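Alright, structures below, take your time with them.
You will see chain A twice below: alongside chain B first, and alongside chain C after that.
Showing the complex of A and B:
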């Protein structure tokens, strides 16, 4: 087998890996959705439960879809970077370079060049958030309209923020809560806790509102078409013609614009919180002290 | 009696959900202000349209948060709270050995 043929085979395998998870998710959803009258607003379908000591662990549509999103993004990254060369000769390498450059520029612009190691993390958050919200376009239940997923990201970001705040030492971190006067301590603590809550609620609420409004409009159009076009003979009267295509107009705002916007804002807020929470002076003082201690220990 | 209690629970949840959506007033006014100022800025300096627009959309999305809190609370009150409250009521009555008649 020649090398070119091998490369082409790998490309095809990666493309299949990119698309297949979503197709499988759609098939699974079609097979497991219970037959019901009309449209109902409900949470994610529960596929099966794993018994646990405190409460059963539910494996829902959301976990499956987000796993599909992760596999798909991995395949996309592998596809874009497959067979890269020093002098790019393929379009996909240019796309990959464009993405990396844009993210690096964003980090440098918003956080400063000290945080360049954050670029992969921010790009990953943006990618998974955008892909999760966009999976609604395929008729799947978007993982971001489930609180569990977004709360997980919020907690992850909160841990990173706290880790960066603690880099200046424990005492300055605790002292930060008693500023400007000790009376403000409860408010400061509430403000600290509300960071992940507000971040996850913002994302969750935006996507969920789109799902709820789309469902309401869809059911309303179904009723309207039954009223207007119900006189058509035979099975033609049963088909809700008005529901074909018209709800997709709403999708442009709620799924495309809102989903991408929230992905960008989530990443932006992560960058801002990490960059502003980092105590630069205290960190440098602490580093200098450590260096001195190491020097005196060596002597 | 139990029916009346459940009716009161459902009514309370419905009224509460309606009241929670009053939270939409604040972001509405705030975002309107933001867009008005952005229009003024673009009118004064048309060449800075791109930067002003992107900053405005970002600010609008952040200002929307309080309204979304109201929305989330309203949705919880409609879809989640009635079941929880009815369950609590039934468990309490069972603990009291109350027999509905």
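Showing the complex of A and C:
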């Protein structure tokens, strides 16, 4: 087998790996969704549950779709960087470089160049959030409309923020809660905790509200269609014609725009919180101290 | 099949999602950022190297140009010197030739004048002797006696000389 053929086969395999998880999710969804009449706004379907301490772990649509998202993004990354060369000869390499450059630029712009290691993390947040929200376009239950998923991300971001705040020293961190006057301590603590809560609730609420409104409008249009066009003979009367097209317009806003927007907002907030957690001056002071120490040790 | 409530909190689900994000972070780092950054750095290095090469080549070219120009200037100076020398030589030669010619002409003229003078003298002396002969023959005719030419030649000559002086 020639090398070219092999590369082509790998490309096709990666593309399949990119698309197949979502197809499988859709098949699973179609097979398991119970037929229902009327409006049903509920959480994700539970496939099975694993008994765990404290509370059982439910393996739901959300977990499956999340897994599909991760596999798909991995395949996309591998596909984009497959056959990468110093002198680019493929469009996908340009796409990969564009993504990396844009994210690096965003980091440099919002956080400063000392946080360059954060670039993959921000890209991961954007990717997982955007892919999760956009999976609604395929008729899947978007993982971002489950609070637990977004809460997990929010908590991870909170851990990172706190880590960077503690880099400034434990005492200044604790002292920060009692400023400007000690009476403010409870409010400061609430403000600290509200960071991840507000971040995750904003994201989750936006996507969920899209799902709810889409469902409501869809069923309402169905009812309207039955009322207006129910007189049509035979099976024509059963087809909800008004549901064709109009929900798509809403979907453009709630699924596409809102989903991508929330991904961007989540990433931006992460960057801002982390960057302000450990200010530039403190960092420079530390670097200077370190340098001094190294100098005195060298002498 | 059962559904979750629309709002439900599940710690394990939260933890799984957190782990998912971390996993995706490492995936992104390893499979997207690392290779792309590596390739981009490599390209940057190559571009820097190419630029350095170009700069070196440009400097070398500039140096060569400088050298060439100095050499050209030197060659031109040399050529100028040669021409100037040649012109000077030629001038000198021509001067010498003219001077020589002048000299020769003057010499010839002098010689010619001297010859003329000599011829004149010769002629004069011829004329004198002729006249003296004539005078002697006339005088002998007149005196009807032989005049000793040798005795009287000096005398006649002196006479003629005097005549010439009086003229």
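The working rule: the second predicted complex is superposed on the first by the 276 of 299 C-alpha atoms of A that agree within 3 Å, B and C clash if a C-alpha of one lies under 4 Å from a C-alpha of the other, contacts with A are read in each partner's own complex, and residues count from 1 in each chain.
In the analysis below, a contact is a pair of C-beta atoms (placed from the backbone, for glycine too) under 8 Å apart; a residue touches a chain by one contact, two chains touch by 3 or more.
Given the structure is predicted, the values throughout are model-derived calculations rather than measurements.
Asks: Is A:119 touching anything from chain B or chain C once the two structures are fitted on A? First, second, both or neither.
Replies: second
Asks: Considering only touches as defined above, state whether A:239 meets chain B (first), chain C (second), both or neither.
Replies: Neither partner.
Asks: Check the residue A:262 against both partner chains and state whether it touches chain B (first), chain C (second), both, or neither.
Replies: The first partner, chain B, only.
Asks: Between chain B and chain C, which makes contact with more of the residues in chain A?
Replies: Partner touching more chain A residues in the overlay: C.
Asks: With both complexes superposed on chain A, which partner does A:95 reach: first (chain B), second (chain C), both or neither?
Replies: Neither: A:95 stays clear of chain B and chain C.
Asks: If you stack the two complexes on chain A, which partner ends up touching A:208: first (chain B), second (chain C), both, or neither?
Replies: A:208: touches chain B and chain C.
Asks: Have a look at where A:193 lands relative to chain B and chain C in the superposition and call it first, second, both or neither.
Replies: neither
Asks: What part of chain A is shared between its chain B contacts and its chain C contacts?
Replies: Chain A residues touching both partners: 41, 208.
Asks: Which bits of chain A are touching chain B when the two form their complex?
Replies: Per the touch definition, chain A meets chain B at residues 41, 198, 201-202, 204-206, 208-209, 212, 261-262, 264-265, 268-269.
Asks: What residues on chain C touch chain A, complex-wise?
Replies: My answer: residues 1-29, 31-33, 35-37, 39-40, 42-43, 46.
Asks: Taking the complex as given, what residues does chain A use to touch chain C?
Replies: Within the complex, chain A contacts chain C at residues 32, 34, 41-47, 52, 54-58, 60, 62-63, 66-67, 70, 73-74, 77-78, 80-81, 84-87, 93, 96-97, 99-101, 119-121, 123-125, 127-128, 143, 146-153, 155-156, 208.
Asks: Mind pulling up the chain B residues that touch chain A in the complex?
Replies: Spelled out, the residues of chain B in touch with chain A are 57-58, 61-62, 64-65, 68-69, 71-72, 75, 79.
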